[in-house]
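Pasting the structures here.
Both complexes below contain chain A, partnered by chain B and then by chain C.
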Partner chain A sequence: MPAGVTPVPLWATLLESVQGVNKTRNQDYCEVQGRGTAEEPLIMAVADGHGSAAHARSHLGSRFAVDLFVEEARRFGALAQPPGDERPPSLAWLMHYAEHAFPRQLVSAWRGRVLGHWTRTSSHEEPGVSEEHKVLLYGSTLIGAVLTPRVFAAWQLGDGELTVVDEAGQVTVPLAPAEADLGDETESLCTPKAWRRIRTHWAPVTAPWRAPRLIAASTDGLSKSFASDRGFLQFMAGLDDRLSAEGADSVRAVLPQWLARASRHSGDDTTLVAAWHQGDPPVPGPAVAPEPVAAPEPALAADPVAVPDPAAAAGTGTGPARRPEPEPEPAEQPSPATTDPAPPTDPHGRDE
Partner chain B sequence: MSDIPGGPMANRPVHFIWLLDCSYSMQGEKIGQLNYAIREAVPEMRSVAQDNPAAQLLLRTMTFSTTARWHHQDPVPVENFTWQDVQVDGMTNLGEALQMVARELDTPPMPQRALKPVLALVSDGVPTDDWKTGLRAVDATPWGRKAVRVAIAIGADADRTVLQEFLGNPELQPLDANSPKQLAAAIRWASTAAVKAASQMVAGATDPLAKQQAYAPPVLDDDDDDVW
Partner chain C sequence: MSGMLDSGTLLTTDSGLRVEVFDLLGAGGQGEVYRVRTSAGYQALKWYYPACATPAQEAIVRQLVGRGFADDRFLWPLDFVADARGGFGYLMDIRPDRFKGLPMLFRRQLRTSPRALLKACLYTVEAYQALHSRGIAYRDISWGNIFFDPDTGDVLVCDNDNAVVEGDSTGISGTMEFMAPELVRGDPGVAPGTQSDLHSLSVLLFMLLMNHHPLKGRRELAIHCLDEAAERKLYGKQPLFVFDPQDQSNAPDPTEQATVLATWAAAPDSLRALFTKNFTAGLHDPTTRVRESQWRDTLRAVLDAVVECARCGKQNMTEPRAADPGTCWSCGSTLVLPPRLVLTTPPPRTEHHILLHRSSRVQAHHLDPEPARHDYGDGTLVALLTEHPQKPGRFGLANRSASPWTGTRADGSTQRIDPGQTVPLRSGLELDFGGARAVVRSK
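Coming up: the complex of A and B.
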């Protein structure tokens, strides 16, 4: 390894999904990919299609949600760390983009995708079916996260959990709502103006050596299998312990059994994606300079999460992993243009 | 290695509460048929519960007459539930019963982690107390607002307006039981369809477009000679 180059921690990824008891098909969909570098941001997403007759195409809605999130997340990663000599935008601009533009673009793209799918796959236009009722058929939740060398950002619409285990082993769920929905009700992409209901987590990278050990996104089939919220947090702490003690391959081998057991208690499809790394804190090289942080960080700011040094060339994460989806999908139409409000006018402005 | 980490796992409870009118007007064949119908429905409830292994069905019974009282106060798992006949007593104090149920629908004692409760109201008359205050108390609780509600009107004297307000949804109608045969069918439906609706893992219900209920009552045959 060249002198002065910070090693990139190895990100091991986990991805598993099991079908719920008595379910005719798995309505969840998920994806995890990337290395956490500027070129390959770590991206993960899970979506939980609602099921039931009212949401008969929700298995497609969850798939569209994950696919479109990955596209938007790649775009976000490129914005955060443009290639070449182009100056990156300020953190304040990125935060505004994450909070406002990103949700609108994502929801708009999802609606465009599902309406396009409806048009292509419905042999006849049923009279009186409104756009909202068409979209309802595809209802799904979504949790997604992006980790770049500068920022950790995550979004959530509906139930499920985004879990972060920091370098000290502390487990947090930064996107948990102030008050959880009772029963099985949840917010959804099919809700009118759904972007307004998306919760956003934002944490600039202030100290690369304080990388989180574990980032996980899971559908509510996992958390609702536990008798209490505390039991779920204990699961995540235990998952981190098992990864540290026995490695990702060992956990990967038993993860289907764990999720199957959880599913038997929750009765729901159960999906977990995670990215975990282990190793000594990398020695900061000369290329690693803490970036000024946008101040003040408003309500979005929570647990700062560090990421590996993007300048490093050594080390690799696991390759893209994806739950197989057997059902073919007709050709897609391009997403409609969005009408998002413009972020701050100067994307390259100073953060101070 | 295969031991799953984390706290204990558990199925989520579905609390089913019978609200039974035991006023004097139920005396005779009506109360006898009601006892018979519920007793006969218990095995079917067990069957529904077995089909939904992720849900734990818990039963309670509240009776209301001159006073309201718990006939089964503690939630009983359907596997262990045995029906004990209810008796008639006096007036029709539905409001008091609803107040008592509302206290049970608060969190606590209701757990945050549960499936929707089921409230099944059976009545043949007109409430004799302030039932609207009782209904407001139920509606003021988070679980009360989300409860799956069913209502059975026994005979022509039942106040369907009250039952309709109890349902709280203009798309749902009280189920008329004008004969022993219809009452048995109605109890069977309330015992099973409502439990199925409550224990389904259905999301997206916060969307107003998704409020179409899956437990609309059936049309009951009315070919019984013995009509109330």
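Coming up: the complex of A and C.
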């Protein structure tokens, strides 16, 4: 690339977190960075500190979790596509690393970080406090993802959602547990041998046009604001539509309002990070065996972006041409009087 | 994110079978697996990633399909499938739901028992033995390729598409964690084969029974990033067993690796001896590795010597034929040995010591001096320990075979036990199963 030319991002990223009502501090933490290239993999993470008295330092635990995930994810990206002429490892090796070594290293690093923090910030050593009790103070969930031109991998411990919209617009939550946690119980980095409980999503990118179009990680403050899983999936489909129709700047502008509304319904801190692919993927050529290739070149400017409609963002607009927009739907608890419209209708029936 | 094949894609196998892609079941290290519709119903289609769809891989798959292998322990490639774009894969049966992956076991997401795990080990050994006896090396034994039923111990070997005829040098990277050290190091002239399979098999057995990798002790904990270079050192250049009796520098960390300390302590000496041999001398001299027949005989004997703790009911592995069963791994109570059935097969005579617990069984393989396969299912049941319906605490041995037995009491009197009948258990009772003979001993 010529010197002085700023690379056009392949992915538009969104990052927003709002504090839950009646919460003394936001226990969530998040990060999104990178371009989805071999040199700069797309990395995103959200963590939700548990927040109760037993986890008094969980706002730090979530921050450590995200920071350490980013470090591990960078290392993973470098392993997936080493610089220079170094031979990349096989996908089989990389999958094994993602499923086994990565979770162990991440949990081990997090425990080391929180125990170090405890030692540094505790005025005196309390003999009766075990290592497990110290770690408990920092309890947090974690969702993180890495995308390189070669592979998309994601990890989750505890609640929250990793959402993927594929090139056909299909919305999936590939790391959803087989059985939902009961009540407010969730798996956590502070659980003994937590690496065993980390769920892994593994999806090699066999061709650029098979890569995800939208990747989002969110804490359960968002999903709990919907009365059903279907409502959450519709929100994500609407987010994808809105990004396609109006671009990332428009969505970025209204995202705080959406999350604030979700937070009012769920009562929880609410965080969303997302990355949306801005360009049209290359079209497969006829009768050519698909080979792993580098990610598509930076896209040209997207379609003209519609001016965001504040009324639409607030859910009160009635314009006939408006795209379905993300809109939290009240959960089962009594919600404040609202003029919220029904959840956006999904024109593609994607979550059916 | 979608897979390489879209739903509705139509393909035709080499044998002319029409295949319609239904949905993606999962992604692995070499390719993706789809559920497909065929005239025979739903089947599975493995489709290789472009980088893995090499001519060498195609040759292996075609050879495996051509060879055929009608064995219910394997999901064998049944038919070759290719598209017009250079992609290919193979058709196989869908794995039944009852078979679970080992990662679920290691994450404690399965409820199973020592008996089921021992059976799974025994069945795994025999499955690979069946391959090796046909001159086929599996070459990629790892926890990702074997599934087991946590209730019965039945196993199913999947991803058989790296198996080749012994001596074929077609490359396969395998999973370093399971690879023989000489392969990890890349020693000149060394190729994956049945000898290196024996190392991988021992790793798998250790992980099944001990819930831990045999070479991952303190040294692994000191590694910040387990990249390829670190793995090569850990598994190839400087492999050291976590329970090496001569060198404790890689012993398990008592906090971080407490599980393996507990499981090792609960294992009987005969099993520990095999693991120690394999992961000390066997790491450096492949010819000293434990053979399948040694694993089979030891696992079978330990399985016959499992006892329930009288206090907490947990199953304990005890040393076969030992007089002292030790203490319960769970509650620490002293274990009590029940009476045993000492069974001797026809020549070449093999002696089995079957501890008589509430659900003890004599299977057909107990009567055979050289059984080709062990099977603990109902279809091969010969005898079953049963409790007297009106007299709790009194037990008998029910004839579940199709042939009558002859019983000889301690006083010399004889009794015919027809199929369906039960003979009361008495110390000194001798039974003739029609070739194999057994005697009940109180200790």
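Quick note on the criterion: the second predicted complex is superposed on the first by the 273 of 352 C-alpha atoms of A that agree within 3 Å, B and C clash if a C-alpha of one lies under 4 Å from a C-alpha of the other, contacts with A are read in each partner's own complex, and residues count from 1 in each chain.
Criterion: a residue touches a chain if its C-beta (ideal position, glycine included) is under 8 Å from a C-beta of that chain, and two chains touch if they have at least 3 such contacts.
Given the structure is predicted, the values throughout are model-derived calculations rather than measurements.
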Superposed partners chain B and chain C on chain A - clash or fit: fit
Partner chain in contact with A:237 - chain B first, chain C second, else both or neither: first
Chain touching more of chain A, residue-wise (chain B, chain C): B
Chain B versus chain C as contact partner of A:250, first or second or both or neither: first
Nearest-approach distance, in Å, of chain C Cα atoms to those of chain B in the combined model: 15
Common interface residues of chain A - those touching chain B in one complex and chain C in the other: none
Touching residues on chain B, where the partner in the complex is chain A: 1-2, 4-12, 51-55, 112-116, 142-143, 146, 199-207, 209-210, 212, 214
Complex contacts: residues of chain C adjacent to chain A: 1-4, 27-30, 49-53, 84-87, 103, 106-108, 144, 173-177, 221, 224-228, 255
Sites on chain A touched by chain C in the complex: 75, 79, 89-97, 99-101, 104-105, 108, 131, 152, 164, 166-168, 170, 172, 174, 196-197, 202-207, 210-212, 287-292
Chain A residues within the chain B interface of the complex: 20-22, 48, 50-55, 132-133, 136, 139, 141, 158-159, 180-188, 190-191, 224-232, 234-239, 241-242, 246, 250, 253-254, 257-258, 261-262, 264-268
